[in-house]
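Okay, so chain A shows up in both of these, paired with chain B first and chain C after.
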Partner chain A sequence: MTVTTLAKPDYDVLNVLALKKMAGAPAIAAVVDLSAEDVSARLDALAAGGFAVVAGGAALPTDSAEPALAATASEIYAPVRTDADLLGLVEQFEKTNAQLLTTMSAWQQVDVGGRKVANDHTDAEYDEKIISRLERLVGRLDGLIDALARHDPRFATYATRFGAALEGIDGGDHDLVSSPTGDSIHTVWFEFHEDLLRTLGRERAE
Partner chain B sequence: MSAPGWTRAFTDDGAVDVEVLGGKGAGLVRMTRDGLRVPPGCVITTAACHVYLSARALPDGLLDEVRGRLSDVEAATGKTFGAGPEPLLLSVRSGAPVSMPGMMDTVLNLGLSRDAAIALAVRAGDTRFMADLVARFHAMYSEIVLGALDDRDTVDALVNGVNRDDDPAAVYDRVWAAAEAALDEELSESVPADPDDQLRHAVEAVFRSWNTRRARTYREHHGIPHDMGTAVVVQSMVFGNLDDASGSGVVFTRNPVTGEPGLYGEYLAHSQGEDVVAGIRTPDPVARALPAPLLAELEGSCAELEARHGDVLDVEFTVEHGVLYFLQVRSAKRTPEAAVRIAADLLADGTATPARALSLVTGDQLRAAQRPGFDDEALSAARAAGRVLLTGIGACPGQVCGELVLDPDRAKERAEAGAAVILARAVTSPADLHGMIAAEGIVTSTGGSTSHAAVVARALGTACVVGAGALEIDAAARVVRVGERVLSEGDPVSLDGASGELVAGTLPTTTPAAANEAMDALLAAAADAAGCEVLARVTVPPDVVAARAAGATGVVTAVDDVLAASGDLNHLVETLLEKGWDGVGAGTALDEVRRAIARQVSGLLAAAGDHDVDVRAIDLLADEARELLQQTAVTTRHPELALPLGVPALIAAQREGLALAASEAGYGGRMRLAVRHVSDPAEVRALQSLDGDGPGMGTYLTSPRAVLGAEALVELSEVVWLEVRALQAAMFGIPARQFLTAAPLDDYVARGLLGIDPRHAIDPTVEPLLAVLSEAGRAHPEVPVGVRLSGTVSDRVASRLYELGFRRFAVDLPEVRPLILGLGRAALAG
Partner chain C sequence: MADVLAEGYNVFDTKKSPSGTVKYLASPADVIGLIQSGKLGEHILLVRGGTTTFLAPALSMGAIGVITMSGAPESHLGILSREFQTPCVMTAHLTGSDSRYVVGSTDESHFEEIARELDGKKVRLDCTDDEVGRVVAL
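Then we have the complex of A and B:
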């Protein structure tokens, strides 16, 4: 069976839609750096192609979205997949990813006499240490994001999103650390990780 | 020595001013004054920082003064900074008056010149220890003072290859050179070898860190003045790994897991604190491992500290050459169960005042401690019967049951249909989020306790087990296999997010032993202090029993809720639509209403004993009623039902039904019937002049008009409730039902489109209205005036309502205990 591949900006739109599962044109536009009108038109086209369903201002990917994305990624990101420097950075990312997840867990739970207890965020010093660590870990992605953006500028939006989340956190909105529903550090990281795996044609291990 | 004023020794007299000494410095001075043996040191005050920030240079004389302080420390410890035979090493830490992000953290082991390093290796009889210390110091200084980020695998490998009895000088040279090379490669920088230079640069780095981007942003957002400045803490290091008469440990003054009294902690002889934390060596319980005189000293100090702070503390200590030093004393983190027990115990033994004891438990801790869990016996029976399918890694606690579902779309669909769902996935990706949100529990076959799935589950507060490797998910066949066993999608399972167990079938849950003596004692103190009436919303008789057990002084219920729960509501509404509401005799629609109410409410009243029961009349307009009714066209076909007194006979029938229920149940308390949406004195007069006998009539306020005119309404009513959610919704002009769910307001508030989140805080526009009602209540003390709160009640809302003068509350059943606690705290805070 042959799988249709997608043209470039359509890939970006469907990619974000697949990451977010359900999203409106404005939310996608904010991430892919296109106008909401443009995204909306592309969603309609993707729907016509059978890759998405649009209803009530929000879109959902169909079952044919993933294969089309995978096929497209293996074509357009072939140079990424052979970029030795970049692959070196990806290997580093795996380490940083593990550290990020440990740090996220420390944000959510503290160790009490060997038992994990929900962090009640009453210890500002503890929390601020974790936020500082998160900022540094996010900083370690700079090289990889730059390297990816040299192949495809859309990856630079991750740096922007991380920056916005960190700024919000410093402004006191601590939900932007790990909230799964907002554009938190964890959400952006998780999406970046997923996007990276698709770009490289790899499977998620956990 | 005569102090010109840039520094203060921990032992110096003088006011403990956080503005001058910073938080950490003030803490160490206090510990010293509390009689604890703290490793000696001094604080460089914020005054020096002020000079540095304006002049871009350290104040004249500061370094000489610090040198003088170090001489004192050298004299007190018999150690020498930067030299043998006993080298003095220092920690340098930032300490602002307010804790803030972006500030420089700690540099440890400062003072490791070549001479000092060699002397230390000789003194400890361990070159490996010295190599490790040198590498750590170099890495920490590079990171904190110079901004390096890289891991140093080559240096680590070098240190790992060093033996205890290697030549110290050669090892020092090798490690230092390797560390310098790594730093040079990364930043083209160098760490000074001279201890005085190290100290000066570290102090300047602390001062400079006051103006990092993060620190500035934080101060701007929190209104902290930019000229406050930071202090620097310079303290001598002590080592637990110098000999067998040395060691390090951590103790809690009580068990932080259970709350049980008695020192709880660990000590490891011949070790540094990091070894204990990193789990490199297994420490021993303090009571067994610490020599008797030291244990006695530790116990004595801990008891005094606990009495002084009125709280359980977490104490970090080191023994150096047989001398006990206290490094840090903090309020201990603890489990919710321990928090409750500790507060009750400290209250009982007089260590804590009621105000202090209540402040030691948060509403969230109480909610967690009373959360329903699996019935112990049922769980044991399930284990014995081999119903445990697998044990994975518990990632987020919670004991939940539901039907097994294998994909997120279906999880969402089933949850929307009202089913409890346990979502099983091999891995989770961001695209699974909607299913994870819908699920009661999540189990994945891959991942560790820090996987993305675990992080998301914890952020959602959803019970989660990860790394269940035995779980084989066959998405095509819609089954999961665990060894020989096969479960189909839709089969009931139970999940324990703490123990990691996945159990076949449904396990019964109970509100646990948490409703124990400790919790009751604490809540009794809170209730005494607050002197408030707290009524619980109930629907069926077991709710009433639970409400009384939780300490509720009465219950509230709604006729439509009760009839919906009993299955009568739809039938009654259809009968009303069919037969109309004329006539009151046998066989009429209203007679059926009357008799159904008598039948269903009598059980509640029997369980209520002599407690207050406030009943809300049927409200066919309410969101809840619309969901309860399959018949949606009621108010379209009979618009008069949309008004509070549109059909007076329907209210009269409810009242008579309640009177019948009371007599059937032999109810001896006070019962009242309140009608929603009333806003005019004329409406209340009409209620009071209804025909027939029955409970006293009252009002349930939902609109700004009603509250602004509350004085007249209260005067005429026999009970008055204000529904805070409805009032907030009316003020915002947003349908009240949107206040009960996460979407769409979560996103809306996150976008910054509303100044406050109206679900969690009282809007400033609503406060004056609340004050009007509170005033009206005070003017008529004979009329009970209360506020009805929906969903979770934050401590802040509870305390604000208390301040506004409210003393009567109605909340959902699980919120009774947290509210009593919050009110008690508010009462004692004043």
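Then we have the complex of A and C:
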């Protein structure tokens, strides 16, 4: 069976849709270098091609999306996959990623006498400690994001999004730590991780 | 004592005890189909892994409970389920079987057995314990 490869702008749109799992054109346009109208037209074409479905005003990727993205990524990101410096940074990322997941869980739950209970966010000192840990972990991605952006400038968007989330958190909007509905640190991190794995043609470790 | 069909990690303690018919979701298409059917709220969702990232739309659309066959409470899906306050039992194993999930060396038959045994059953999730989440037969 031959798998269709996508034109780069279509890859960018379908990739973001696959990362977000469900999204409308404006949300996709916010992170790709295309207008909402252009994204909307491309989503319609992707839907006609069987790569997406539109339900309740938002698009979702179909089962055909992943193979097409993988096939396209292996062509356009072949140079990334042989960039030794970048791959070294990816090794470090795996460690940082494990720390991020632990830190996110520590934001959501606190240990009280060996039992994990929901963080009610009344201990400002505890929360600040977690936030500064998050800032440090996000800072460790700088080198990798820069290295990726040298291959494809779209990766620089992640630095912008992390920066905006951290700025919002500093301004008191703590939903930007882990909220799944906003552009929180967890949301941006998750999308970055998935994007990285697809770019490298790797599978997620269990 | 109620009949406990399966046990796993409880992602967070909650008194919410959702019940419904277990529905095994194998692919993004299954999730889309379920959302479009309008019956999301009638099912406890069973997925293979904590790395099953296609479940996110179901959580945001109001899934009532989740069972996974692999993955840790610290995983992406665990973090999401706490955010959405969707009770979640992770790396569930059948109480009537000796088969257990082992990272990196789990036979396909392990997952198939769980899917076969739980899919279509009417169950309730008990997530009141600090450590163990239970899938109880109704």
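Note that the second predicted complex is superposed on the first by the 203 of 206 C-alpha atoms of A that agree within 3 Å, B and C clash if a C-alpha of one lies under 4 Å from a C-alpha of the other, contacts with A are read in each partner's own complex, and residues count from 1 in each chain.
The working rule: contacts are C-beta pairs under 8 Å (C-beta built on N, C-alpha and C of every residue); 3 or more make two chains touch, one makes a residue touch a chain.
All figures in this text were calculated on a predicted structure; none of them were measured in a lab.
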Chain A as common anchor, with chain B and chain C clashing or fitting: clash
Which of chain B and chain C A:H186 touches, first, second, both or neither: both
Contacts of A:L6 with chain B and chain C, given as first, second, both or neither: neither
Which of chain B and chain C A:A55 touches, first, second, both or neither: second
Which superposed partner A:R115 touches (first chain B, second chain C, both, neither): both
Partner chain in contact with A:L144 - chain B first, chain C second, else both or neither: neither
Contacts of A:T102 with chain B and chain C, given as first, second, both or neither: both
Partner chain in contact with A:V32 - chain B first, chain C second, else both or neither: neither
Which of chain B and chain C A:S178 touches, first, second, both or neither: both
First (chain B), second (chain C), both or neither touched by A:V80: neither
Per-residue touch tally on chain A - higher for chain B or for chain C: B
Offending stretch of chain B which, after superposing on A, collides with chain C (from 24-32, 492-500 or 726-734): 492-500
Intersection of the chain A residues that touch chain B with those that touch chain C: 21-22, 61, 101-102, 104-105, 108-109, 115-118, 178-181, 186, 190, 194, 204-206
Chain C partner contacts - residues on chain A that touch it in the complex: 21-22, 53, 55, 60-63, 65-66, 101-102, 104-105, 108-109, 115-118, 178-181, 186, 190, 194, 204-206
For the chain A and chain B complex, residues of the former touching the latter: 18-22, 61, 98, 101-102, 104-105, 108-118, 120, 122-125, 128-129, 131-132, 135-136, 139-140, 167, 170-172, 175, 178-182, 186-187, 190-191, 193-194, 204-206
Residue ranges of chain B touching chain A (in the complex, touch as defined): 99-102, 105, 149, 214, 217-218, 221-222, 252, 255-257, 264, 332-336, 338, 362, 364-365, 368, 397, 408, 427, 429-434, 436-437, 444, 446-456, 458-460, 466, 742, 746-747, 750
Of chain C, residues touching chain A in the complex: 12-13, 27-29, 31-32, 35-36, 49-51, 53-54, 56-57, 59-60, 70-71, 73-76, 78-80, 82-84, 103-104, 130
